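Going by the order they are written in, the chains are A, B, C, D, E, F, G, H, I, J, K and L; count residues from 1 in each one.
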């Protein structure tokens, strides 16, 4: 029988000048430096910041789920 | 006159092999071990994990509201 | 080229007996005492608590976005 | 041919210290004392009120549908 | 200068065996028999009840807005 | 142990030529004249009516929660 | 006592050059040719396809609910 | 291979004293007088304005999609 | 490295005269008779059908996720 | 009988260092300089931009409705 | 005049260890093996499964629309 | 002190036979040819058009925010 577990959910916004895929990796790497037991990520939003008519930054809002030590 | 208070909101996902009501208790007990001043909980989502055609786990996503010490 | 940054998002509920604008200030002041690098706030919800037929408290739910140190 | 009927929809919030199922019954019993012709109920929200680190109250928000006398 | 007014909002579900347009009329006629000062109606939902493979009833959920006497 | 209570939820739309804060007060005053046991209000929507290029009216849609006598 | 039943829900998109009411009938007729035990339909979306500045097609997205044989 | 195209989306609200179908036609005719390359319309909302207890106007909110000249 | 898998999602509505927990079991049992490889279920909606002022039936709308054979 | 009218809906984001009420006025004044026949405004979102731990700007997203000349 | 057509909508979840674009291709290939007449796909959700602090799987939830043979 | 600015929000749908990233670039390039002062873009929807069982076109719906000259 599976034991009783509790996970926490936190939202982060990661950005990269390269693209959305890279912004997701930036977010995952930063989160996994501080949080152990990450089980999943959900992409909530994808935005682009524009400056002087150029794409400056790709921003993703991510929901990060990680298991809490019991 | 009521004083100026601030509370924080955090989401957790709690699971139990028994049922949703038990999963809610698991989540509340784990949260109240770390957080003082919990005032409320809101059930956001109810999922069931299935394994080899059997119900393995009841999972609830809970929003937990707790008062921040001023 | 903009560098790779990560911000976190957290929800708070701030209350004041005076009004919504004041409740927003209460929330911002409390958040900025603990969190450095706040970049933005979004008003998610506006509620009023009523007691003995009088407005007792204005409550705002705020989403606070703050940059994580890399 | 089915005749032309009109129903009304009203929201109630029912609470019980025992559990969500009981809170639903509390709500249904109170509604059916005042409203005749109830045809259906939809569970809109499930909250828990917490006091001094104990579950104080299970609250359900219910949508009640009842037929209006023509 | 416009004076201070308050309106109420109530939801009804009206049905007709003929069609959605007729169901809306059924709902409006029933509401306007009981409520004075109706200013507007919003169509929230359109459903069809089917019985023995035949369309039995067109049902519309309507939001009715009416001015409260001051 | 908290006793079993039931509250009702109703939506009103209150308007004022002065501002949103005043429209909320107009709505609360009108509601509390008819309803006893109001416990809370939630702001659902904020609109402005414009006439001949001037702001004519501030309108708020409010959800009013009040305890039903058992 | 009512027995234990299970229904399935499936979405279809039906189109007609005549109008929305006809598109709904087209969808219902097609569904009831393949599915027995249809109990209800919910209109999810209403679109119009335009071609060379003329209305070409009325499209409705319908949710069809039908009882599964036990 | 399909070429690279860009369309714009704009919302209009069209009204008619006759019915929703007519209001949709009013909206489409007005839009197609100003916009070339309309490809589609989506019905977002259906409201009725009521005056002295009579249906005065059927209003539809429409999303209009039209191809931009490259 | 995890291999490439595809799952399907289907919605069912299960009912029981006993309670929501039982309705969920009724739905799961019926689904697992026809579908192999069920991995998860999400509770989408909880309704109650009322008949002659008595609770007749508890109805749950469930989203069932099952792995497709490759 | 009311004549057939068409209105357009456009979203703007207005900002002010003073407060939300002022930001709404800024938005309305800018819109009414370019658009005649504005009939209404709906507040969609309220955000605050923060810079060096100070509230820099109040931003409101507004939906502006204006009648199109026939 | 366009003829009367009916399409069905079904949701699938496709996964790939490579990336979201690949997961979409995996889903489309699997769907087009079983379903003829696919006309469109809509990306509903993008998730990442994480295992031992590594990205294990990119998962996309897709809505697949396919024409039913009349 | 930041000055009072107003931006406009418009939705476009851009398509490319290559992929979503390219469709976003197509949309941004087309928009920045007509609109000066673009500050941001938000991805609202990602669809794929399929023709004779082949992916024909990647379509993205984008929200484009641009500053209005005062």
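One rule holds in what follows: contacts are C-beta pairs under 8 Å (C-beta built on N, C-alpha and C of every residue); 3 or more make two chains touch, one makes a residue touch a chain.
None of the values given here were measured: they were computed from a predicted structure.
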| item | value |
| --- | --- |
| Same vs different contact residues, chain A with chain K, by half of numbers used | different |
| Of all other chains, the one whose Cα centre sits farthest from chain J | I |
| Chain of greatest Cα-centre distance to chain C | G |
| For chain K paired with chain L, centre-to-centre distance based on mean C-alpha positions, whole Å | 23 |
| Chain C and chain L, separation of their C-alpha mean positions in angstrom | 31 |
| Distance from the mean Cα position of chain L to that of chain E, given in whole angstrom | 39 |
| Residues of chain K whose C-beta touches two or more other chains | 10, 49 |
| Touching pairs among all chains present in the structure | A-B, A-C, A-K, A-L, B-C, B-D, B-I, C-F, C-J, D-E, D-F, D-I, E-F, E-G, E-H, F-J, G-H, G-I, G-K, H-J, H-L, I-K, J-L, K-L |
| Residues on chain K engaged by chain G in the complex (per definition of touch) | 1-10, 65, 68, 70 |
| Complex interface listing, chain J residues touching chain F | 21, 24, 28, 32, 36, 38-43 |
| Chain C to chain F touching residues, read off their complex | 19-20, 45-51, 53, 55 |
| Chain H - residues contacting chain J, complex | 10-17, 22-23, 26-27, 30-31, 49, 56-57, 61 |
